[in-house]
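For reference, chains read A, B, C, D and E in written order, and residue numbers begin at 1 within each chain.
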Amino acid sequence: MADTLTSSVPPGAAVAEAAETAPARATGLTPMRRRVLIVAVFVAVVAAWQLAVTALDVSHLIFPGPLAVVQALYDGIASGDIPTHLWVTLYEILAGFAAGALAGFVLGALIGQSALLEAVLYPYVVAFQTVPKVAVAPLFVLWFGFGTTSKVIITATIVFFPVLANTIVGLRSAPREQIDLMRAFTASGWHVFRMVRLPHALPYVFAGLDIGIVLSVIGAIVGEFVGAQAGLGYLILQRNFSMDAAGMFAILIVLSLIGIVLHAAVRWIARRVIFWADAFTDLSRGS
Amino acid sequence: MADTLTSSVPPGAAVAEAAETAPARATGLTPMRRRVLIVAVFVAVVAAWQLAVTALDVSHLIFPGPLAVVQALYDGIASGDIPTHLWVTLYEILAGFAAGALAGFVLGALIGQSALLEAVLYPYVVAFQTVPKVAVAPLFVLWFGFGTTSKVIITATIVFFPVLANTIVGLRSAPREQIDLMRAFTASGWHVFRMVRLPHALPYVFAGLDIGIVLSVIGAIVGEFVGAQAGLGYLILQRNFSMDAAGMFAILIVLSLIGIVLHAAVRWIARRVIFWADAFTDLSRGS
Amino acid sequence: MSATLAPEAPPAFRFGGLHKTFRSKDGGDVVALHDVHFSVRRGEFVTVVGPSGCGKSTLLRILAGLERASRGQVELGGRPHAGSSRDVGVVFQSPVLLPWRNILDNVLVPAEIQGRDRAAARERARHYLQLVGLSGFETKYPSELSGGMQQRVGIARALVNDPLLLLMDEPFGALDAMTRETMNTELLKLRERTGATIMLVTHSIPEAVFLGDRVIVMSPRPGRVTQVVEVDLPSPRTLDLINTERFGTYVSGIRANLHASGGLD
Amino acid sequence: MSATLAPEAPPAFRFGGLHKTFRSKDGGDVVALHDVHFSVRRGEFVTVVGPSGCGKSTLLRILAGLERASRGQVELGGRPHAGSSRDVGVVFQSPVLLPWRNILDNVLVPAEIQGRDRAAARERARHYLQLVGLSGFETKYPSELSGGMQQRVGIARALVNDPLLLLMDEPFGALDAMTRETMNTELLKLRERTGATIMLVTHSIPEAVFLGDRVIVMSPRPGRVTQVVEVDLPSPRTLDLINTERFGTYVSGIRANLHASGGLD
Amino acid sequence: QAPAKPLKPVTIALGTQVVNVTYPWLTLPIALGYWKEEGYDVKVVTVGGSLQGIQQMVAGGVEFAQVNSTGLIQANTDNNVAVRGLMGTGVIDWGIGVTQDGPIKSVTDLKGKKIGIFSLGTGGVPLLKGYLRSNGIDPDKDVQIIATGAGAPALEALKSDRVQALMFWGSALTGFQNAGTPLRVLYAPAWRALPDFTFATMQKTIDADPAMVEAISRGAAKATLFAWTNPDCARRIHWKNFPSTKPTGADEATLAKWDLALLNTQLDTMKAAHAMNGGKLIGAMDPAAYGRMQDFMQGEGLIKRTVPVESMLYLKPGFVEAINRFDHQAVIDAAKACKAG
């Protein structure tokens, strides 16, 4: 109206489509280039592995090259060995993760709500946690049998702690104003928990779950090292004894893939659950 | 002035002393009663342990009673066995924790700053992490020797991940307004990191360190299971071989104590570093 | 323990010799409130004015059960005040919305906490959102609202349970003149309808006079009540009152007390 | 690309056909700014008024480099605007202080970011803290300050680098009349001294007229500029101006444009 | 040919980490149905080590355990747990492997060297120490004993000269040689006269169900004879019935060769035990041999007290005869024919 300038942009064009699209900005790369880079890095890693094995002349007995491992992986899958044992281990991982995460969250929620419970209980939690699972695994086998149950429980005890520790800190990280808001409206402890503390704890809980899911892979394997008749951990022992390094690495690759997929799943869920915060997004704002 | 009421409180009395004292309110108990409760719970736990062993008639070979364990603990300390090995393990725990925490923090800070780095690197981190340490410990021993170095490195690899995962989520949890503030004043990525993202990440980092310190105890022990000539893990193996269950439990008690003390130390530091937030305080406000 | 001069009606709330001292992180003590006395009748509308940092919010927070007095008495409905009460609605100085709840759900927070009938609460929430001019924003999230819009959500939230005591801390601070005037009128209507007791902190003296049956004037460091002005203006009040001489007299009287020289507000 | 009618002096900044649309989480689009044109001369003091939610903050945030226009041009000092600039100081609508820094260190944030000389910056920080009436609070932490005090810290922070362009989003919203008037006067003095260009968003029409060389009046949904008022009042402006008829005419003209009936502010 | 009675479930704990072809007396009875014929449905589980096997028996999780003689003796002496040896199934077949063409020719050459061992918590350590000591080498000063774990890393440590010798049990040493590293194996002759692997149960199990103890032991004895008669057939039956325990990492023929070598090493040990214990009845145990073992352990400080050897072995007259009471010729014929292969 009082402007001395004219616009160089034709009026009336659609504006909605220009609404910011964050991802491209986030990385500074187009999705296509990004994918290319990821593949390039993968190729580089594999090449470096092959090169290291060749150049350093590492014995294939302990550190086989990628080709041998891929061959072993193929053989293991073709023979049905890996798939058979995979299901056992996957079940242990998922069941153990679920049980441990739930226990960690529930106990964490209790301790997070009460300083008294913390003073009284936390030392025992830490004590229980510092006991090496390998040392007490036989006890678990004793109590819960040779089947998958004992492995599920060993896994759960490992997953438990990161979820617990993060839940406690997370529940306490809620800002004072929001707690005050709840108190002003006569909220009970449960309301404060559900409406304020829990949402604030969620990024922590999911970070704990992320740590937990990775530990659960290790947990199931360690559980299988003691008294298992099936599972990938059992297969590792077997192949270690028969000095099949490539075969063992093939299983480690399978474990890694399980870990990567489960990790991605946790992040995927986190992103959807914690839609209001940026903690699990791909850094939608530059810095 | 226009008030129709008189005060029942004599004016002029000191008011400063009435400034709120949070701790008492936090637990709803006086510090004295709190201490009594902690001791009571401890006594109850030990009594329950003894009772369980007696009532269920568990073999001392599997699950020794507290008296036998305390006796073994005393013997172990008196004979100098436990102290000698304790120092070795403590060194491995602390050095491994320091190295792993530092590595996890630094890599976490890098990945936390860049979605691209995350897409490219995180899968390898997860892959590396899902490899059971027990399975590759012999490799570490081969590469880093039979001394404490390999155990320190094994410990570091275990501590690494919780710190990394929490650092990443923490760095991304900084509120948008504060990032905007920094951007409006032309802050570089480094400034945003140091002045805003890092302080927000600290509760996460310390939660990660808390998880890490507990894992480092396990890490050192697992490391000592393979290729060690000293340390509490070695002592566990030895006592395991000689079927000295009470002796083994005595070491587990020592490990638990190490864990509890180190955990308390992490929390103590956290409370001092993160003075502005409540995440690590003893819930100074009721709910 | 008791008043020497009994007020005509049992007071809605009463402060007696109230002191509040904050211990600061840098070691020093800050006296936020010093020897505050006054009582407020049921159904009364009191407004509080005073310079920034004089203890207005502290006073309100003590009444809301969010701070404890260092010394002195607080009574609510004739009984010693302990914690918060179901009949109190609070508007905070900053909006304090929950980012994971949409606007409607934010307004419903107090109703949910107090377990009120859901359908009826939603009805009221929509009503008050309309009142504050936010119809159509029910499903938006707080981060998608402007500062003033967020503040209005906070107002609707305080009203949703139809509280008997309404505590408002600069509720219209971020609002433009027009919206503010609408809000003022609506607030007076609400008081008329529900008979609620209202304490409203504002930094606008005209607003304080326009709304208040009494205006509490405070001075800073230490925060004290320096003047309590009974506003004797006809009711129901309408906006043309503002141009009357009596209104002007009240405003300039308070302004003088606050040592303000001119008047932009 | 370029202006068809060249302004007398190179503008401090310029909006050309600016549009801003937000995509909402509930799916709908919100048009915050629609076809906004105007340019501001160097050293000019523009004020922006308009109802809550009309896009004032969005406009300011675009200028601060915190939002991107959906369409149209933004020029700063004659060049297309890209990101933030060292010469800009910003006061946000909410204070946004860093809770782990004391007040002095909060004020020093921009100086630290831009690597200014430490001692000199501390000197200026103390000076501006005094200006906003917060001497003695240097070592307190943000949570220990009242709402108005926090807002004043934000003002001192925006000033600490002596910016050439000062963007202020309702900087005095939480301040009482007296403090506000002091601030207004200080702001005019500052402009006099430094020759800074200032854009100030306010919800007070008298404040907008008192401070502004021009008043930009906006209307909501979609946010458009409906009026640009050149304020031709003597300079330096003093508070007694407020009671003059010309001042009143400007105020009521703008008020009429905003369809406001009365005037509490 | 479904049995009239439902089969009684029995679990045997194997005091190792991994099942492979080297435990024919526990795996073949399952494959060949020996135990089923006797009315038992047997499961063999690995538990990691002897202690775990004994713990499982004590806790009632398993009925039998295959343990080392050290475990058996420790349980009976220091821990006062009534574990009973049922069958002797091996002598100490540990040895010190050094590279065949390397500088170490005899035990005295080990002075100043590093010796790798599976774990420091195994019976190999006291054996090694005693052997070194009797050859004038102070095991705590003149050598370094290092835990290397099993399998490839251990072998690699030897090949890369990080250790100069590997103290392992027989089949492990064979495994190293299978992997292409010819070894010279040093050992104390006295070791071969000490019992090691022993099939064991609890006294309470013997008291409760002597028939079962006899039947299970008999199945093991039959399988032992079968394996002795035709090792390669035993290997093939094992592979067929327990495919998941079949090694991987090379072609079929090589794997077969390797596994046969492992099995033969084990069979040699079993035969040595057989000879040591009288050479007539399979599974017989010579109290004198276990007495030597107990003395050795006491000498090494592994146990604080001794008990009469007879109390830790199940020596009831007629028992060992009973477990040998089966048609030997039929088993030999079946093995030769290798029907099940």
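Throughout what follows, a contact is a pair of C-beta atoms (placed from the backbone, for glycine too) under 8 Å apart; a residue touches a chain by one contact, two chains touch by 3 or more.
These figures come from a predicted structure and were not determined experimentally.
K.L.:
Counting one step per pair of touching chains, how far is chain E from chain A at the shortest?
P.N.:
Between chain A and chain E, the shortest chain-hopping route counts 1.
K.L.:
Most remote chain relative to chain C, going by C-alpha centroids?
P.N.:
Relative to chain C, the chain whose C-alpha centre sits farthest away is E.
K.L.:
Could you tell me which pair, B-E or B-D, is linked by more C-beta pairs in contact?
P.N.:
B-E
K.L.:
Suppose a student superposes the Cα atoms of chain C on chain D; what rotation angle should they report, nearest 5 degrees?
P.N.:
It is a rotation of 180 degrees, to the nearest 5.
K.L.:
If you average the Cα atoms of chain B and of chain C to get two centres, how far apart are those centres in Å?
P.N.:
46
K.L.:
Roughly how far is chain A from chain C, going centre to centre by Cα mean, in whole Å?
P.N.:
48
K.L.:
Express in whole angstrom the distance between the two chain centres, defined as the mean CA positions of chain C and chain D.
P.N.:
Going by mean C-alpha positions, chain C sits 28 Å from chain D.
K.L.:
Spell out, as numbers or ranges, the residues of chain D touching 2 or more other chains.
P.N.:
22, 25, 94, 141, 143
K.L.:
Where does chain E touch two or more other chains at once, residue-wise?
P.N.:
Within chain E, residues 51, 55, 59, 151, 153, 156, 160 contact more than one other chain.
K.L.:
Residues of chain A touching 2+ other chains?
P.N.:
62, 142, 176, 182-183, 187, 225, 240, 275, 277
K.L.:
Help me check something: in the complex, which residues belonging to chain A touch chain E?
P.N.:
59, 61-62, 72, 75-76, 79, 81, 84-85, 137-138, 141-142, 145-146, 225-230, 234-235, 237-247
K.L.:
Quick one: in the complex, what on chain A touches chain B?
P.N.:
Within the complex, chain A contacts chain B at residues 26-29, 34, 37-38, 41, 45, 62-63, 113-116, 118-120, 122-124, 126-136, 139, 142, 161-162, 165-166, 168-170, 172-173, 176, 179, 182-183, 187, 189, 192-193, 197, 203-204, 206-207, 210-211, 214, 217-218, 221-222, 225, 233, 236, 240, 248, 252, 255-260, 263, 277-283, 285, 287.
K.L.:
State the interface residues of chain C toward chain A in the complex, per the touch definition above.
P.N.:
61, 64-66, 83-86, 88, 90, 92, 94, 96, 98-100, 109-110, 112-114, 141, 143, 161
K.L.:
In the complex formed with chain D, which residues of chain B make contact?
P.N.:
177-178, 180-188, 191, 195-196, 199, 274-277
K.L.:
Could you pull out which chain C residues touch chain D in their complex?
P.N.:
22, 24-26, 30, 49-53, 56-57, 93-94, 102, 133, 139-141, 144-149, 152, 169-170, 173-181, 184, 203-207, 210, 239-240, 242, 255, 258-265
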